[in-house]
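One chain, subunit A, links the two complexes that follow: it is found with subunit B in the first and with subunit C in the second.
For the complex of A and B:
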């Protein structure tokens, strides 16, 4: 910088010298001889040379200056580039932080732990027999899940039925699900433990917010014994095209749990009917409670959900059952259940249908051995329903959806080995002075689900029974799921 | 076949099916970017919602804002790529949105799905229902978007999440 600063000073010195030399020559004409002129020329020549030298030096300085400026520019660019890099790194860090923060928080104890629950409370009023009106905290369920890694998850559900579980109460405390699910590929997983059977529309999705009506429909209670679970292993998955598949090897039915001759009817109201365990599979499925596992059963289930709003599926379950121990040496008995289901939800409408049918083979010997019993073992049972619902109003999360359902069920559609002179249902009156209820019926249900939000529902319905007309009832309920 | 011999078949079948693919993660963020924007340059945007903005988004979409940190990239063509997560039934679903320069939703992709049930939201036809939707459009499950039976909560929460992201885009991200 010093050499640059001194450049104008040097130039002015040179100019001053030239001027003073010229002035001196003009002031003294006496000495203007040839020698003097030559000397002056030499001086001018020298000065010109010096000037050239200085010019060169100046050029050099300029070049240096430019080089320095370029260097500075380059450094500045580098600094800028580093700043951009730093910014990008910061952005990446921010993105990573955002990625972590953007995930909604789960649980309070560990991000791998999940907790959930659902439950329902009923008020049920048989309109012809008001004395049998009941209110019940039907089920309170809490679920605990734990994710071990990206592929492995544990889920469990624990249920208290009828509010109090003790030796002197009807309530039950039960494990409803308890399984480990391990993802093998994007389209396949394996599951082991106690899990829900993939049958019908309701069994796997039995939370009160998932179905219409205060209580579950009869087909998926009396024919498909929801909440139906078995212990075992299963492979399952779904493809991006919307095909779901599920097959497994599980515990099966224990026919020793069948009561061939109860003194009194197992149910007197529709609520009893659902809770009593009177239906063939309800009475005999084992829920992995010291289950007889001498024979295993197998099932396969397929579904299609490839078109939004449409679900269609079918499933079949079959296996040899554990046979009753009395009388001894009964033949092998096979229990089979199959079903088909469909649901279509175009816009505000919600249409669904389920057909289910089951059978128990070789029941004749057992029924003959228990001839005259009030509750022979059926060889066939079936049921179906058709249901339509329509969301008529929705506002800020509230949703009102009335529905109507027609269903038929027959828990005793066929019997083998009924002794001559006896029927599957005792003639005459039971001990309470009323006729024995029939194991089949046709039921109209009219009602509405009113959702406060997708997780809380208030329900009301009226159910009209055509055969067991005393079962006709009004129900009111509250359900929730989180 | 005896029950015990059938039991032995299970682990054999498991080994046969088991592939080294990374399960649950269906697409990485980078794969989704490539799928939705090809080779177009995407610039990450650093956006954190202020409490006021978060409240605005909540009021507009009717959906709770879990986290103020956004994962947004701007595309060279004026579109945006956004990654978000919602809870399905109990566990997280991570998904990506591609928005065109006109603010219309071009595509929804599921990146990660972890639950044992409800994975049907991966279905392409279900996701295609969101294409063309933009902020201001009604976006309610069972009304504008058909649900999937058996995956109701996953559908419900994804639909709500997308509604929230469209509001976030319109109120905060657009023009950045």
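For the complex of A and C:
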């Protein structure tokens, strides 16, 4: 390469010398004649042509040289990749060998089987009513999945709520998901069984590492029930343009589960509120537990993920409900819920918003039959929140992300059939001497998620309630997901 | 057949399937009507029970049957207008000479068959059962006992009852159903009498007509007046009357119309009723049990823990003084009210509920110094004889006895406002009057409501005098 590189410089010097000599001769009028001048011009012309030829040859050589270098780099990369692959294969073989060695003599876990889990523990301290401070292993969930083939998978989740599940305890053991999903094409799949409803930001991603705040937000607990699942089947998929679609036919709501007149308030703290099942769809969704399937409901959900960092979506659910049987001859009642949501994660920021609204038709006759009851059936309910979080510190897998959330909810935005002179909430005091809680509120939440790693999060927050001010609380929590 | 007695309490809940089975099987046990099947919708046992129900010849006096104290026209309580020495009395007379007073106000038999057999729930609270203290586990067991109660039909024992049964025209019906041999086993024969009566009370629609204006309203065939609807709302509102907490106005199972009782027990601290002879220590009948040495009274009616319940295991102090929550259906017809018939009208009874604690001087004995002895029909050991000062705020603080002072509307204290105003009490009475059976949506004015409904301003129809 060095000889080639020096060649153009040498030619240039030679040409310069010849040109200088010619010019000097031409400058002497005594010795100059036309023939000499012409000869010199020809020589110069020839030398110029030779110089151009040498330049072209040099360009060709340079191009060849670059192509060769690129080829060498590519070959080197391939060699390196092959080496990595060989290492990975070796590691896989080692892992497989280790797995085989670790397996018991009989049976064994299939590579098609997957296990996962998540859970969370709360400490919640109502600052104005410290006597109602509680700590709770809110949920421990274990998932089992199985891949039958490249197109067909089974997923299930089993949940213990409130640590102890027995006849005399408040805890529950429940099946949260149990479905088979079959891929029909790269853009479409069909799902059947008990599955999560694709509503809002939280319902399908309800692991504690996925949301900000110790407890789930109120909009996606009291308006959109949490964790909301129905039995049925659905078609879903994603297009190349980033549009997700999902629609299905499922079990619906059983309004016979409504309690029109509890003697005492169903909740006295924010934690009670979340756990009491007082909210319209919380109280009446059936979780595929001997569900009344006289009427089926429909839903459709669309989302857009085409721009990195942006998620936007909306969904609607509607269907005739199973109506209460007392009083008799109640009219058909339809339950509808719709929502819109968006999340934007530019850089270290995480901004999200959800709006949800629902309704129950023809509730007047039921409410009138239970005139004066403490818990009439609402005809409208809604809520929304705006939330901003920012990762302020990240180091060796640790991550600190404070957040703030503003939300409003109203579980009883409208009622029909309330007896004249009475309200939807008892106007007197309850037996504990306190006013009855209102079914609506405005809540500020300030807090932080601190991730030890992407799978383990410690959380703390402070929630300020503007209407039910006794609900104002400090929370501390631990969550994990694997 | 040996299990029939014990099963009859549950028979009500199995009524329809039982009838279907009976139809399918032809009920070949034979019946007095000779058809071997159902007549008038009643099984042979129920038909036999119907005859026994109104047969005075099974009593020693020859003048008393079930129907004597349980008159159909008055929702199966005593006829308050009937002539006799016990007219208007809180307890009926009975016994061989029909001159022995009982201890408790006659309960209505309507809708009684829906009560579950007696049991304690998971929290240890009593539920269901029959008699006001639940001492009869089943309706059949209850129905047999008045035959051998000294101050009622007064037979000395089951053999005496069977002796009278042998002379009755329906003996053959009895034998056809239960066999002749049972007559030689008087205790079993008496249980069979109880079973037949329970079948009658369970099967006959007269005991469960569900034909009130309230039922018509629930079925969309009648309209409640504004006052009646207001009364229902006050009845339901847990911050006002809170009546529905023990007397639910909604169906318990989504099928059976509301029964207005949850079959629980409660201690209301109802004032002692001096009109009951047993409550007069100086003139109490000789057969009055003595269950107290507190120096105040020798006899207290403690309901579920005595003195008429024999099972001493129930004498857990916390429930002493509790009585069964009755259905409020037809309550406008069943005066006087409470186990001891202390109150003559619904207005008084509801007034007691809401002003018992705000104005105890209106209900309990007041001494010359202004002190009031609340819960005067309960020994001090169970929270009775609780002395407060009328109108003195704070003098009733710290009560820890058995009487229910935690639930609305009787969670108040002296100086508090009653849960209901007098006008609101009238509204509730007007609503309770809509629970009177016999309402015909096509002819609403045909139902004659008792005078107390008129007094409350109820407008359901013309009023009886």
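By definition in this document, the second predicted complex is superposed on the first by the 374 of 482 C-alpha atoms of A that agree within 3 Å, B and C clash if a C-alpha of one lies under 4 Å from a C-alpha of the other, contacts with A are read in each partner's own complex, and residues count from 1 in each chain.
Everything that follows uses one rule, which is that contacts are C-beta pairs under 8 Å (C-beta built on N, C-alpha and C of every residue); 3 or more make two chains touch, one makes a residue touch a chain.
It should be emphasised that the depicted structure is a prediction, and the values quoted were computed from it without experimental measurement.
Of the two partner chains placed by the overlay, neither subunit B nor subunit C lies in contact with A:395. Contact with subunit B, but none with subunit C, is seen for A:147 once the two complexes are overlaid on the shared chain.
Once chain A of one complex is fitted onto chain A of the other, the partner contacts of A:370 are limited to subunit C, with no touch recorded for subunit B. Note: no residue of subunit A belongs to the subunit B contact set and to the subunit C contact set alike, using the contact criterion stated above.
Those residues of subunit A that touch subunit C in the complex are listed here as 167-168, 256, 260-264, 324-329, 368-374, 419-422, 426-431, 436. Of all the residues in subunit B, the ones that touch subunit A in their complex are 3, 6-7, 10, 13-14, 17-19, 21-26, 44, 46, 48, 62, 66-71, 83-87, 89-92, 94, 114-117, 119-120, 122-126, 129, 140, 142-143, 145-153, 156. Note for the complex: subunit A touches subunit B at residues 90-92, 94-95, 97-99, 101-106, 114, 116, 143, 145, 147, 150-151, 153, 155, 181, 183-186, 188-191, 201, 204-205, 210, 233, 235, 238, 240-242, 244, 249, 293-296, 303, 305-309, 311, 343, 345-348, 350, 391, 394, 396-397, 399, 454.
Interface of subunit C with subunit A (complex): residues 122, 218-220, 226, 229-230, 232-240, 242, 244-245, 249-251, 254-255, 257-258, 406-408, 411, 419.
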